[in-house]
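Residue numbering begins at 1 within each chain, and the chains themselves are lettered A, B, C and D in the order written.
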């Protein structure tokens, strides 16, 4: 199947759950396992939280966009903000690196380990985009074998 | 987020429910901090039975409490985390510094 | 509280549930009762289904937009399409009127009875917009007493 | 959407689960139609116990089946609808033409 959606919202902490729920509902149009769906939720939560905290410095008037598409058995996600951007991406990606003293520096780690593809692009002063892909696992045997042939 | 507190000797048990993300991180931290400041509290057990979701914002609060508690010689443990929550705890490395137990009693014995 | 969001998606029947889940999650940032949330879900479902079936004639390449905002205790919803539009709005609003033989003509009836305000605007050939408002009931001690007085 | 069929004498019982909206309306209609075409079926009972959501697209399928069944002299009834589903059925006027019963047995007695 093929499908596309886009969710835009204000940079409020309350909207992290909104993004999670929306993307989980969209992703469930594919045959993801419950574990996969949990992982997708964490990845979305981390990406959107980053836009709110780091991108917009917790100011509530920024806009976060979450763009999702399904093509075949693949879910593509984009999380975008027009916030302050990241100066040094390799440093930001290091496990445990955070510019905020009380944060864990695990957001990008989770996004990378939970999704099959992951990429960050950023323009300092202009914003950040995270691109992630997750593929539905093709099950073999029984009903799902046919899906395997098609997919 | 729901919080329930119980004191057993020097140990504070906090039973948490809901989704531990950015939206609740601050009040989660403040309310647990408040309870930890009560006299005679030395150890902390977080019962995560009713936590349905946790991400790095929630983990950050847990790690912060761990640092504070151990600085003054106390212990901390996790109890009753559901598999999906436990998995995130594990991946974060938090379970290398504190134990996660199936029951509150096992956690109580450990701290 | 004040909040804003916008959801855009392709005119696929699968996305009716997506819109419902997203708006229910957004609306739950207010203190709506479960009955209120159910009613909001039905209203969204009807509006989005109309855009897909009537606006885009079940073609999957149209875009449906659901825009929601919270100001104070009030939820505002807009459901928009760029589809074929409605020639005769008063006729379309009549209970049991439908241009499709196997439909019930209850969509607008449900939207009107479940929401506190309701308005349709349409430009034939250009699209349709439905605007709806629902206010959270203010509870004072005896929850249902207040409901009884207002209802 | 989940469907389960059972035949009791001349009555087809369909136990439905899930959300009855536009996305499932067509297969809901087709599958029930298919089962109604089997020999000897005269009456239809829709058990809506596990239906968590219904809107006018789902109602349309129910009304369509009612028209078809009654045209050939059969009866139709609803069973076990949850309050929020029952409320929508009521508002739609469907309950003025067919009964909604608390149990499948009561519905069976009625058709």
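Definition applied: a contact is a pair of C-beta atoms (placed from the backbone, for glycine too) under 8 Å apart; a residue touches a chain by one contact, two chains touch by 3 or more.
In this text the structure is predicted, and so the values were computed from the model without any measurement.
Student: So what's the Cα centroid distance for chain B and chain D, whole Å?
Tutor: The answer is 49 Å.
Student: Approximately how many whole Å separate the CA-defined centres of chain A and chain D?
Tutor: Their C-alpha centroids are separated by 41 Å.
Student: Go ahead and note the Å separation of the Cα centroids belonging to chain A and chain C.
Tutor: 28
Student: Can you tell me which residues of chain D touch two or more of the remaining chains?
Tutor: none
Student: Counting only residues that touch at least two other chains, what does the list for chain C look like?
Tutor: In chain C, 14, 17 touch at least two other chains.
Student: So with touch defined the way it is at the top, what topology do the chains form here? Options are line, ring, star, complete, other.
Tutor: Here the contact pattern is a line, an open path with two ends.
Student: Who touches whom among the chains?
Tutor: Pairs of chains that touch one another: A-B, A-C, C-D.
Student: Per the contact definition, I'd like the list of chain A residues that touch chain B in the complex.
Tutor: 13-14, 16-17, 20, 34-35, 38, 41-42, 45-46, 49, 52-53, 102-104, 106-107, 110, 113
Student: Which residues of chain B touch chain A in the complex?
Tutor: Within the complex, chain B contacts chain A at residues 19, 21-23, 25, 53, 55-57, 59-60, 63-64, 84, 88, 91-92.
Student: Quick one: which bits of chain A touch chain C in the complex? Just the residue numbers, please.
Tutor: Going through chain A, the ones touching chain C are 1, 3-10, 12, 14-15, 17-18, 21-22, 25-26, 29.
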